[in-house]
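Lettered A, B, C and D in written order, each chain numbered from 1.
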Amino acid sequence: MDLSPSPLAFEMRKKVEHFFETEILPRDPEWRREVHENGNPWPDFLSELRAKAKSQGLWNLGLPMLDDSDPGTRLNNLEYTYVADVMGRLGWSSFVFNCQPPDVPNAEILQQFGSPEQKERWLVPLLNGEFRSTFAMTEPAVASSDANNIETTIESDGDHYVINGRKWWTSNASHPLCKFAILVGLSDPEAERGRGHTMVLIPTDTPGFIVERTLSVFGAKDITTPHDQVLFDNVRIPKTNLLGTEGGGFLIGQARLGPARIQHCMRMIGHGEVMVRLMLERARDRVAFGKPLQSYSTVQEWIAESRLELEQCKLMLQKTAWLVDNFDNKAARREISMIKLAVPRAYSNIADRAVQVFGGMAVSDDSPFASAVASARVMRIADGPDEVHLRTLFKLEQFAAKDEPALSPSYLRGPGNSFLE
Amino acid sequence: MDLSPSPLAFEMRKKVEHFFETEILPRDPEWRREVHENGNPWPDFLSELRAKAKSQGLWNLGLPMLDDSDPGTRLNNLEYTYVADVMGRLGWSSFVFNCQPPDVPNAEILQQFGSPEQKERWLVPLLNGEFRSTFAMTEPAVASSDANNIETTIESDGDHYVINGRKWWTSNASHPLCKFAILVGLSDPEAERGRGHTMVLIPTDTPGFIVERTLSVFGAKDITTPHDQVLFDNVRIPKTNLLGTEGGGFLIGQARLGPARIQHCMRMIGHGEVMVRLMLERARDRVAFGKPLQSYSTVQEWIAESRLELEQCKLMLQKTAWLVDNFDNKAARREISMIKLAVPRAYSNIADRAVQVFGGMAVSDDSPFASAVASARVMRIADGPDEVHLRTLFKLEQFAAKDEPALSPSYLRGPGNSFLE
Amino acid sequence: MDLSPSPLAFEMRKKVEHFFETEILPRDPEWRREVHENGNPWPDFLSELRAKAKSQGLWNLGLPMLDDSDPGTRLNNLEYTYVADVMGRLGWSSFVFNCQPPDVPNAEILQQFGSPEQKERWLVPLLNGEFRSTFAMTEPAVASSDANNIETTIESDGDHYVINGRKWWTSNASHPLCKFAILVGLSDPEAERGRGHTMVLIPTDTPGFIVERTLSVFGAKDITTPHDQVLFDNVRIPKTNLLGTEGGGFLIGQARLGPARIQHCMRMIGHGEVMVRLMLERARDRVAFGKPLQSYSTVQEWIAESRLELEQCKLMLQKTAWLVDNFDNKAARREISMIKLAVPRAYSNIADRAVQVFGGMAVSDDSPFASAVASARVMRIADGPDEVHLRTLFKLEQFAAKDEPALSPSYLRGPGNSFLE
Amino acid sequence: MDLSPSPLAFEMRKKVEHFFETEILPRDPEWRREVHENGNPWPDFLSELRAKAKSQGLWNLGLPMLDDSDPGTRLNNLEYTYVADVMGRLGWSSFVFNCQPPDVPNAEILQQFGSPEQKERWLVPLLNGEFRSTFAMTEPAVASSDANNIETTIESDGDHYVINGRKWWTSNASHPLCKFAILVGLSDPEAERGRGHTMVLIPTDTPGFIVERTLSVFGAKDITTPHDQVLFDNVRIPKTNLLGTEGGGFLIGQARLGPARIQHCMRMIGHGEVMVRLMLERARDRVAFGKPLQSYSTVQEWIAESRLELEQCKLMLQKTAWLVDNFDNKAARREISMIKLAVPRAYSNIADRAVQVFGGMAVSDDSPFASAVASARVMRIADGPDEVHLRTLFKLEQFAAKDEPALSPSYLRGPGNSFLE
């Protein structure tokens, strides 16, 4: 299990970092003005930056199944960890490299389950960066953490499907560049658990695809990835828009969530690093009760604990990526749940400490910390709430022990069974 | 950074595990009777087991600097992680393989800093398992977490040193097989910080070496590794007993603590694994309020969190071992502090959960959990209290950032600097 | 120490609750529309509700020093705890009863330190609800948690003061009804610690009083209590605007912060109660993995822990109020720091659990939980960050022990000094 | 709800404190020698101290139902809180005042449910301090946290009961002064939940009452309150030994556990106070890295957090006692579960911090901290594990909300439902 960066990863990290520092970070004030103040969901200079990055091969880096003929550079998951944390330093930088969700996991589904026609029509332009997409799974009416609860119906009608239902957190749906949705719906209510749901592709200009509203997250709307509520009102699509097989929706969904989670985590670690450094700088410069904050052991310990958490998460993430690369998503199922738990917690703790170090500034517009707290909070329910992943871990543990000989009573003796003896 | 087991590690793990399961675990009831009930500090059957293990090369496994001519099998630190966790399953099994503290770290000091004569007289029999040793550092009168506080004096008197002072947690001193102590004392009160202390070797039969008492830990005395308080009352030793150089005591101490901490952590993880499995079994079999404990999500989450902590610790530990193997203790300084923090915490959490799952049995003699809770608590102050390691991490973080360009104000903007954008 | 509600408290609680349920809660949709959607900082119907509440004596309830001749009903602090939690159920309800910060603590300052002229001109209309006010203390340039750092200067110039500096979190400054600010500034840089700052009253229409911008909190701007940044650019005010004495600014500040903290805490507990109930209802109605959320012991424990925290906070708060009522702020100094620590923590924990129970809805506009998480986070730095209050508690503890006989070594023996013997 | 000490409580606290300081604390070294070293379960000087305390009316203070004709002074529960914390300072001091468990709760059962003959024969000498008793409930074979699991049978045989089963944590059973046990057993396996268990009184000299062994707790045996495992092997007792009614065992058990829990908590708070003070003294005197421990904000915060926890627990405990005094156990059911959760947690946290402040000394025989850690850990499973009490709190919460109008959707709106608006 070699977790070191390959030569390619090493080189791409250098390039991405250089591009980030020279082309992206300096334009952040412009981004703020255009996007946050003027509400522009796709500034012109972003298109320019994307063209430039693409021309340098800094494109589609988060797609291990990228074809040689596709634009961009193929990195495996472990290699991608070495560039994704750089992107995490500034939220919008993923767009520049065409590495943004939900487009990347959607592309992965098409790579794996798309028909040649589907690929031609939807995947190619997605990889070229010509348009964007959305993923419609979560529903307001049910606890979607248990995917079996999903109620939106996909009914067969001749050689068409008819879709009815309401989704939310359909991120991107109202973005001007969004051209299609991948939707999970209930096609067979009688099927056994896990077999009744199906995945289909729906062009956003299909009649009955109605964006009802954009949700605020912690009081603010995301301009470039709007989190939308969508009504599917008698949406008719040809059966050629089926992804995979009827009743196979969950299998595809599982395949999708692994890498998506890994990539979210990579970016969080990158931003965690930024926050640790910012804390260090502030603690050095700010004085309270006659000495700099960094003289207080409390503040020292916040920074130290942050470092500890980041390193533990980084290793676990690299191992997870390695498992996916060398085996598959399923082999990494346990580790995917682990990073889904550990990384948002670490990110949340670090953001929380940063707020305490920066005080009033931290909760205002003048710093990235409040949005980090909010994002961290969201991440503990997105991609499956923590409790679902803990449940998965328990079940895997139980499964692993199933055929092992019992340890009790031989190991169940005491005292003195301890390492200190 | 390849963290996989080498073929040798793989083979040795299999052998150690087999030996453990067939020779050691079945004798645990005998150990309890002989040691815990009869107070025998070195049962005959232990000597027999040691001879057998030695004859199979399952000996001195925790000494990466083992010479080809020494008895036993040389494993590097990473390889040793793959056998040490097996030993951790039962406290006394380390003795069987001559892998017990404080003898192993003492042997390491002699390997690195011992003169040929010192090696001949003290190291060879230690490696042969003929006698044991102790390490005299901590003092009751001062906060020994700051080693500079150490007050026991080493005064020069012609070609002798004269030692005066009181030490405690001098583990093993009163054990019948203990033949020498390695002591850290103050040789030059005027020296600059970190240069005034010296390390010497003191035969335990030297006049003035007085074991005053054996300390209880959480109310019980350790029979096979008694934690002693020792008075050094005008102890005279020849200057040939100097280890390293005068004033170089801390450097040696640093060298010693790294692997000692790693090995403690390895054993804790091994015992952590045992406790997770025991929890699983109990949760399956025990019924409360009409359903097995494992039906409660709370209990499921305890087991899941334990797994998460164990895996994160295991990875961090393997990385630390790899760093020491491929570079040195100093290169792994940060990671050594990290595992010193993370592993006892994980072990403590797991032990705590196990108590809650097992109820009354858990705090009694009938299970290993109470002693695990106690050991875990001790480990958070032994080998440097957590706060000292957090302080170290902070200082290393500060040092690493020293020459880097400041991130503020470029990164200190918001909102929207988050990965969710 | 009788913490029960007095007959008056009992009666007022009933009245406020009735008013709240019949007049305020039903108008919440209107409030949202007017304030959140249309950005109206003072809707007409609010003025109507205020007039109605005032006419029923449900007015100025948070002012224990209210004169018999003032409008409203005087409640002491303990009595007020029994109505303030009702107001906490919905953020804007405090306005209806003229119980909103920062006007209430500002009124308290005028009650205690205002000259007859100041009272006539500023306090009377404040109590009548004719206009509002702001408090200018925190500064962006320094760690304002240590009030001695405050740098805005108050210079004497004949019979005027000239004020220069920049403040932020000057909540309300840009509100159309805000007529004056109370400002803390540095009047004597040479004075000993705690004696160099002074408090003055500044009409907001004074030349040089410049609202530079309104801060967002967690990405959103507060419409009805805008958190502003204010530049004081050569602001000249007559010396008759001095509050208290020159150099006495901190003393007044201390007096102000006690009740302000108590009242914040009361409202948090009220909203905490609402969230617990909402969790209960959701856990009953929402199904995941085949059973309602309330069947999971994890969810049961979240609700139970929330109840425990609320009750502990409520008692501590009542005791604090009782101490202020029966002695003074200073006598309650320890308890004020305690509730400042405990209540936002409890509120934060409860909000966090509610998010986990409600999932995606919880972080959106459709529920009060995201803003509760944000508010809770702010409260851990507002009114002094937690660390400052912990420091205060430590110092009080140290002070209390100062003249007591030492407990060591008589009590420093073991084992067996425990209650279990 | 007046929580202040009554004049009687005030006076008794003064007397108990004086007696403690002059008569008990100075004899602690003697206690250690006699009990811990020599294993004497009832030293002569203890009998002398008891006689002296009794003669001063400092006797049976923990029995609110004490008759005027009984020896000692009747205090209600709230009054008793004001003396019990003093006893908590040193474990064995409860014996001196005849306030030790399990005798006090056993006496309460006899006061409430004993027949005149039972009172004459067992209660009177218990109150006189002539002998002691035990309580037999917990069983090794089942999860006794759910009392319905209890399996020991009580079978009717003419005018006798025959008891068969095994109990453990039957504290005191092997103490030389222990004369009777109160046992809970299964009398009717067919009865509905909660009605099939019965409580009986068994003289310890009855044939078939066999103490099998004394359990160690955290590796050490309690000399003066030995925690025993008892086999009931065809124990025959006359039916006049029935306590209450057949099938009414749980009702009595409930009655018993309330005050027992309150009294445990009182003592923990008293010992918590001692530990806080000891920490303060050590932090003042011990130097690390060039400054006293008390200069580190980390250590300051440990002490401050301890104070906060103690005060919150003290208030909750006083409220609980007040509820029992003014209503009954049932009215305080919620609060009893709350203190059962909160106080051992606080005690555990304080003990843990004290260990970190005292270092090696803390886990040895030289201090009371290791036994405090151990006791705290036991208390989280004794008297019902935390999870059972959380479950109770949830059910009470659910019950309280049952007939209330739903808060959703009126309160389920956002954002802005927060107190910060």
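Here, a contact is a pair of C-beta atoms (placed from the backbone, for glycine too) under 8 Å apart; a residue touches a chain by one contact, two chains touch by 3 or more.
Remember, predicted model here, so these are calculated numbers, not experimental data.
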{"item": "B-D against B-C, pair bridged by the larger set of C-beta contacts", "value": "B-D"}
{"item": "Centroid comparison with chain A (C-alpha atoms), farthest chain", "value": "D"}
{"item": "Chain B-chain C separation of Cα centroids, rounded to whole Å", "value": "51"}
{"item": "Between chain B and chain A, distance of the C-alpha-averaged centres to the nearest whole Å", "value": "40"}
{"item": "Separation of mean Cα positions, chain D and chain B [Å, integer]", "value": "38"}
{"item": "Chain D residues counted as touching two or more neighbouring chains", "value": "216-220, 296-298, 301, 364-366, 370-371, 374, 378, 387, 391, 415"}
{"item": "For the chain A and chain B complex, residues of the former touching the latter", "value": "1-4, 25-26, 28-29, 31-32, 35-36, 88-92, 94, 217, 220, 222, 224-225, 264, 267-268, 270-271, 274, 276-278, 280-282, 284, 294, 297, 300-301, 303-305, 307-308, 311-313, 315-316, 319, 334-335, 338, 341-342, 364-372, 374-375, 378-379, 387, 389-394, 397-398, 401, 404, 406-408, 410-421"}
{"item": "Partner chain A, residues of chain D touching it in the complex", "value": "216, 218-219, 296-299, 301, 415"}
{"item": "Partner chain B, residues of chain D touching it in the complex", "value": "138, 140, 142-146, 148-149, 168-169, 215-220, 227, 286-289, 293, 296, 298, 352, 355-356, 359-366, 370-371, 373-374, 377-378, 380-382, 385-387, 391"}
